């Protein structure tokens, strides 16, 4: 499961009955209206066929447990999202011809050929709907403590968002952009680029940046359960992720300490850092500054160009030419997913931190 | 704990009695001689004062449980490494003056001032000795199945190892280099650079690359316990890590699918990929190719230049000037640590994978 | 979750949409036909109104994930059992009047009044349908290794099954008895007794005994994850359980060592024990003899006699008189539940054990 | 590990360097003086050779991590207790002759003969010293919230403590009795009985009863992590335990609901139950009444009478006659161990409960 006190398990296949999430440890009494979950799920959908797949799903969901009269009960919550709009027939053709860099081959090996290969099975981006549904609950838990998680596209291919965007603009503009980039000009450029890539039958990667505001200092449980470690593990459950960096990340590896360190200052009676190159985490513990990290998504492995592969049954080399419906850039659809997974981890660590804090209050 | 079946817990402070590791789930009957552990621990020591701290510790250790007559017993193993050569007095001076970008401040907040602040307490690089001791056991488990984990310096500052180094050379040369870089010329450049940085009283970051050979396809337990996710979480327990990327990592975010995908081929009757841009993992599961990842280390936050900070007791801004003994580049000392932590995760996933494999054998 | 490699999570409320189980870590390629699950679920139903509740549910279920073309895929399995035949109105009346010895009060406190109180919510016996569904999968995993779990009624009230029943008879007769007791005479007596208790508007407790055959020696992971400890924890998730004892259990506390010890002997070339007072477990590890334990169920707390309680809203003492539909003896309905929960734990420990065994084979 | 937030791992062998406990998640700032731990450890020692083993150990311990200047730091705590007074030579003789009902045989099988067999290795009662040391920390955590765990001998053989003993007397008298029974007359009878058993070269079982006072209602995390389930699993890690029952336990299986239920009443403005047959737990959650349970210990399997066993090497039947130093009744030495293990679980659930409570406070 993702998380220890507030924890989430995932299930479901791309072309089976549906996907879903089991959420344990959610405190009782949190108002959850179905519209909120629907709204979150809608962030995964991009209705513009020039930059997104034509498999548009309504994401109808059922809350099968744990919510009563519109409030969390404290018992395990189960959200189930039905699959609709399924086209499986193409997958029979490629069943034994694994798509390069997809999980087709590793799934075949690990599950000894018994995996539900249609649409990628559990390895499909479809599972991210369940992540977003669980994240919708987590966001409500964080909301009461004014913790806000904002993700957006930082770059696609070589097109990068370079200007500093004020937090309000990020909040307002990200989901108005068809490519989830809060800056209009960059958004337009990325949009054109993805459209072109799609026309070429190709795909492209991208980077999602996340800012988490309002985090109190003290979250994270080193030496093992560090806040950044738990975020990294959870983020890597999202299909297509190949890297994560906190604060200035890899750039710090090229810097001197005198440049990289964040000096402490006092501002309106509160300890802060002048810069935030550490991305809000030191020693695996939040330091009160915004948590910042970037996640690298590879290009969708499913492309329309012919590719070399092997026939697993006949054990010979061959080629495939895909015919299904694929996203030209999963990064842009992953924006709310990164937000959701991050919200789950933050909720878990918030509750873990509260256990001690409550104890220590009584301690005085 | 790191790991689920083969699992490791860590404990100990920089200036307390020592540091150590508790290792559970290690199969019985594995020969462990103390020299092997000593040798692994020695890889953490760099005796050249121009690139390393002057706190050189003998790393004397005691095996307090779980090994009998030179073999693992199957019971929990406890290895304890005594602290020697401690100089704590300087830490009293800076107790309430947190070092920028170190865990001093977050520790103070999280532990309500009760943490052992001397030498950074549990946040010291000292804890990595325990990681290496545990990794020494894990390496022995992997050895029987010819799985080999090799880490080395990929870059320090802007100096990067760019040529392809054959695996044999990596194995032989890495620990002969005082900066853990298997290429002699790059090693020399990095050595000079770190020396210069050290003379300036500054520090510098670096990147550690890791290659894991001999991994059977099928390791990793998605949707949650992916192999890369578990590696990432564990690697982030190492002090100073700010990012991790698998295969081509962040570079993939700038590529097209047609460039990024690894075509499948058959070579000597075995399925392989032509390229390895995925770094040996697809869908969170090993694909049989070498696992490759890079870890970004920030510069040591402890530098000798004066820095702005705050006085936590008097709640006012101030400056500190450190006097202790620090590494100018933790990345070079972290090479065996990355190797060790990776070995722990690989051992855990190897055993987890074996549970099913054994069952499925009987299944036939 | 129950279990570590093969693990089960539960969800659902008595009067909500349904109950269910999420099963992780089940090996792929295990044939699961829906009839098998239906058959197992039917064991929970006792259609005789003289000894059972009139809430008879068809237990229609949906497999929402993890099974494809009739075989487990290796991915998480989700089984959902819809609630039918619900009568909730009575629960509004008693919402603030907790039933003595039921979880009404503790649920109200823990969940701050937000729990779904109808029908006892998650504390209803209804959740045991999910346990049985998960157990049906586990039994299939065990079947391949000829491990068989058999539970049956040992006693109800003071009526006890005293004669030794051959294993074949237990297997054949238990579920033919309306009170799940394989001995016809004892079954008849218990039947009459429960009928009488039911007519009186009262309830009665009972003891379920379990025998697990075919367990290889070596299962169990001390010092913490002992086989008996894991069984005990899992069994205590079943509503109404107040005690568990292994082998001769509490009786051993009154015996001398010379009577209590099980001497080792060799029989057909195999090491066995002459007696089995230890119940097949020593030091938390299976010893190859049948595992035997007994579970004490208290009387159903819901009885028709008037009872003293308090009004939680008005904070005054009052009385309640229940009108719902309740079992006069939950023990008899719990027989397949104990079997199922035990099967889950045995499956988990079988797989955990296999991890080492597979490793050690390669070791030679 | 035992526990989820406050968690304990154990290690060490009977005749190795020592035994110990790793304690994670202990809040910072709790005063721990070494005398307190020493005092707790001394409760395990019974210096009267007529009822106890002659292996009396000083239980010198080292705190190797996590406590600084007499206070917990919040970091993992490691306590190590050295083994002294070891006599191993006898164990060579019986190495391949497993003691009936001891873990010698199961350890040999599970660990493929690599286990440290001397003195029973990890299966020795020696490990309980580590349990008590960890419990000493847990008791300090509970103390701040006035939660008190009291264990004592309820029966040995057929001699039972039948009178109701006031809580003050239990607190004061238990450890003054050489057999840990707070009632003087029963204590005397038990003392005489154990002495006689010991003279006969035999051993005897017993029952330890535990009362936990001051527990707030609401502790326990159903449906899986019930308070009683977690207690049961943890208690079963103690060597020699064969059963556990809560409240009236097995007796409830013979009762009617109208007798077994605990009516709710209001006393000094607080909701309580008139009786406490449920033992303070309903639905896996504490109800505010004292938690009461009984643990059955079998007789020490090591007795001086000749016993049938097998020679594992030569695969033939044989007999053994033990010569070591053994306790005639482990139950009496287990009293502080049950107390300690229970304290660990209560601490964990107290902290888990606080996470939600703190959240819900902020919620208002």
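All chains are identified by letter, namely A, B, C and D, in their written order; residue positions are counted from 1 within each chain.
The rule we apply is simple: a contact is a pair of C-beta atoms (placed from the backbone, for glycine too) under 8 Å apart; a residue touches a chain by one contact, two chains touch by 3 or more.
Being a predicted model, the structure only gives us computed values, none of them experimental.
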Third chains touching both chain D and chain B: A, C
Chain whose mean Cα position lies farthest from chain A: D
Copy-to-copy rotation for chain C and chain D - C-alpha atoms, rounded to a multiple of 5°: 180
Whole-Å gap separating chain A and chain B, where each centre is the average of the chain's CA atoms: 26
Chain B and chain C: spacing of chain centres that average the CA atoms, whole Å: 45
In chain B, residues with contacts to at least two other chains: 1, 9-11, 28-29, 74-76, 110, 112, 122, 223, 360
Interfacial residue positions of chain B with respect to chain C in the complex: 4-5, 25, 27-30, 74-76, 141, 144-145, 221, 223, 350-352, 354-363
Partner chain C, residues of chain A touching it in the complex: 1, 9-13, 16-20, 22, 24, 28-29, 62-66, 68, 71-78, 80, 110-116, 121-122
Parts of chain D lying in touch with chain C, wherever the complex brings them together: 1-2, 9-11, 98-103, 105-107, 109-110, 112, 122-123, 127, 155-158, 197, 202-207, 217-218, 220, 222-224, 226, 228-230, 232-237, 239, 242-250, 252-266, 269, 271, 273-274, 277-279, 281-288, 296-303, 305, 307-310, 312, 315-317, 331, 360
